[in-house]
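First chain A sits with chain B, and in the next complex the same chain sits with chain C.
And now, the complex of A and B:
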């Protein structure tokens, strides 16, 4: 399983990536939407895990871009700082159904990834 | 508890600070007094004026009543006098019928009869026997003036078929009354008997008629010359002041003939029978006072009753109205307190939400780092069995989860501050908020102008938040101005901008350019000394953003400040 993690918090995203690697999941991480789009153009991924709130390009905008270039790529959102409201405002409006709230439980994340990939 | 304590209305003891006055005042009590005094004045002045009018007219009314009474007295008394004189006619009729002409002409009989009647004050002083043609057949007299009497002018005031009566004026000017009867003799012829009476004969009778109300009774001839003595108009022969003959029986008011000081007498008169002689009587002015007293008592009784009734109605009504005002004022304060409380709660909620957002990020990092540490331990053979280290990382993760739960709760609390979104009239909201602060503005002598363009439509937004926004801005504006300032609230429709623009302008101290950048930051305040928390504008800014609006600030130091808020026509309700 090849995963791309996108979050503006370097400490957070790098740690999650490392933890996934312990569970046999190969994870790349970037801190902006632009870098994410570049990597997706270069590599094949099974799942993209995106933070909703990011400076510059938000997670939702990034998701739209990704879908236009890689329609089959599964996406899981990490909603802003654990607030249900943020998800209500943005993610649900965008018609997304997979999300997790921060702080995340790594096992829950892995479970969700498996669920997404069927 | 005294009676007054029991009926005391709640507003009576209410005190508060009043615009433009030192110290606390009983504002509702004062309102009550002012209203009560005003309405009392409005109702009692006309009542007093009409009372005064009727009081002034009471004399005229009393005069009318007394004249009427005097007229009745005169008519009654004239009838009494007529009946009295008729007694003499009857006496002569008895004598004439009993003795006949022939016997009476014999001087001895006439003298005998005359002598038997003489000796009393009211007896005839002269008796004549007259033939059918009126010539004297025999005559008896109490003194030696018989001839003179006969020579006098006999004035037949009344000439009935069987009798006549009248008066004569003798040579010396002395006046007498006479009666004459026509008597049918036994042989079918007839003759006359005539008797002369001194006016004194009737005076005694008249004296008896003088009662409490009637102070003088007298008889006058057709030319109003006195036949009997009068207490007011003089002796026999003097002229009395009498009403016009054509009006009799009647009464008139005349000036007192002796005092000449404006005092009056009431003179009543009527004819005595159908003679030309008239009876006059006088009722004193004292009776007038008696009548006036009665009328005044009636008027004052009525006025006292009306006043008591009016005062009762006025006091009850005024108390009711002021009580309603007081209750409305209480409701307004309660509402204002409620708004202030919810504003405070909203501030706390927003603060909590801000803190939660900020803490969540480091929490997430701690969580991931602790998780990584745990992974490192678990996947490393050296530490896999070290329960103590694994437990430590578990505890860290558990503590982070706990902190996460708290921040979630805080965010939930902040979300509950959000209220319903409804259609509303912006002008109505503006006026409502202004009504809350009007007292404070009045206290500082600040004019508030509201200018709402006609084309401003209803907007769909959060009423509570808009109220808080306006309340904060208006309170800031009032705080920024000195006495006599001017606050202007304008509302405009900007179709191009798809929204409504509200501006709150003051001509207060203004905000320096340096501070303009900071005013929306939390905890920035220039009013820390008088209780400013520095959160007002930060919260306001947050509220405007909640309403999907924008806020701008223009300010010139010394000239004033304008906050301009643009709100969309419609925002969507947030889901709980």
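And now, the complex of A and C:
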């Protein structure tokens, strides 16, 4: 399984990536939507895990961009306690089952990833 | 001040700043959670015989401490902000109010790839004012400044100084275009009336001035 993690909090995203690697999941991480789009253009991923609230391009905007270039790429949203509007758009894009609230439980995240990939 | 105008806007400002702050605190908790989880993973791996460099434990411990310090700073700012509504007339350190507002607005500005820095004056500028209205007005000026920040720096430089009449002047520098009338909309006008202030273009290019003629603190 090859995963791309996108979150502007470097320490968070790098640690999640390391913990996923301990569970046999190959995870790249970046801290901006722009970097994410560059990597998605270069590599094949099974899942993108996106923070909803990021400076510049938000996770929701990034998801729209990803869908235009990689329609088949599965997306899981991560969020803090965001606004109802954010939640509604995230759910409408990905479905409530693929919308996780931070702080995350790594085993729940891994379970969701397996669920997404069937 | 017309409360029908300034009241709802003030509540929205208060709510918006609080929401931004809870998001920041949630990020701190998220990072602490992941580092604690990584510690657990490493303990488990060590228990299974894997060699784990002791430096890793130290690094993770430092990371958790760092996030606790970060959260402590955020909570201090939020606490100052919450107490800004305690009084409509009190002696306030203007530099401190600017720092709290900039700190709380940081994520909002970062969303537009803008940074704001406060240059504290050598001597404290203390003014009898309404701290919440001041922070609300300054916060709105920051949002305006972010829309007109000069490229490529994208940095708003904030400073304050005591004025000759006993008031204070706040300078927002680093803008590419300054239209004071555009900045001073209906809500800003109400806040300016309450604070006995005005907004004008600075003498130097790219500067917006917020001038307050409040009574000096006793």
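Note that the second predicted complex is superposed on the first by the 102 of 118 C-alpha atoms of A that agree within 3 Å, B and C clash if a C-alpha of one lies under 4 Å from a C-alpha of the other, contacts with A are read in each partner's own complex, and residues count from 1 in each chain.
Methods note: a contact is a pair of C-beta atoms (placed from the backbone, for glycine too) under 8 Å apart; a residue touches a chain by one contact, two chains touch by 3 or more.
Keep in mind that this is a model prediction, so the values were computed, not measured.
Colleague: In the overlay, answer first, second, both or neither for which of chain B and chain C A:102 touches.
Modeller: both
Colleague: Between chain B (first) and chain C (second), which, if any, makes contact with A:15: first, second, both or neither?
Modeller: both
Colleague: Mind working out whether A:111 is in touch with chain B, chain C, both or neither, as first, second, both or neither?
Modeller: A:111 sits against neither chain B nor chain C.
Colleague: Identify the partner contact of A:55: answer first if only chain B is touched, second if only chain C is, both if each is, neither if none is.
Modeller: second
Colleague: From the superposed pair, tell me which chain A residues show up as contacts to chain B and also as contacts to chain C.
Modeller: Residues 9, 11-12, 15-16, 18-19, 22, 80-83, 102-104, 106 of chain A touch both chain B and chain C.
Colleague: Residues of chain A touching chain B in their complex?
Modeller: 9, 11-12, 15-16, 18-19, 22, 80-85, 88-89, 102-104, 106
Colleague: Can you list the chain C residues touching chain A in their complex?
Modeller: Its residues touching chain A are 19, 22-23, 26-27, 29-35, 37-38, 41, 45, 63, 67, 107, 110-113.
Colleague: So in the complex, the part of chain A that touches chain C is made up of which residues?
Modeller: By the definition above, chain A touches chain C via 9, 11-12, 15-16, 18-19, 22, 53, 55-56, 58, 80-83, 102-104, 106.
Colleague: Can you tell me which positions in chain B touch chain A when the two form their complex?
Modeller: 356-357, 360-361, 363-369, 371-372, 375-376, 378-379, 400-401, 404, 407-408, 411-412, 415, 574-575
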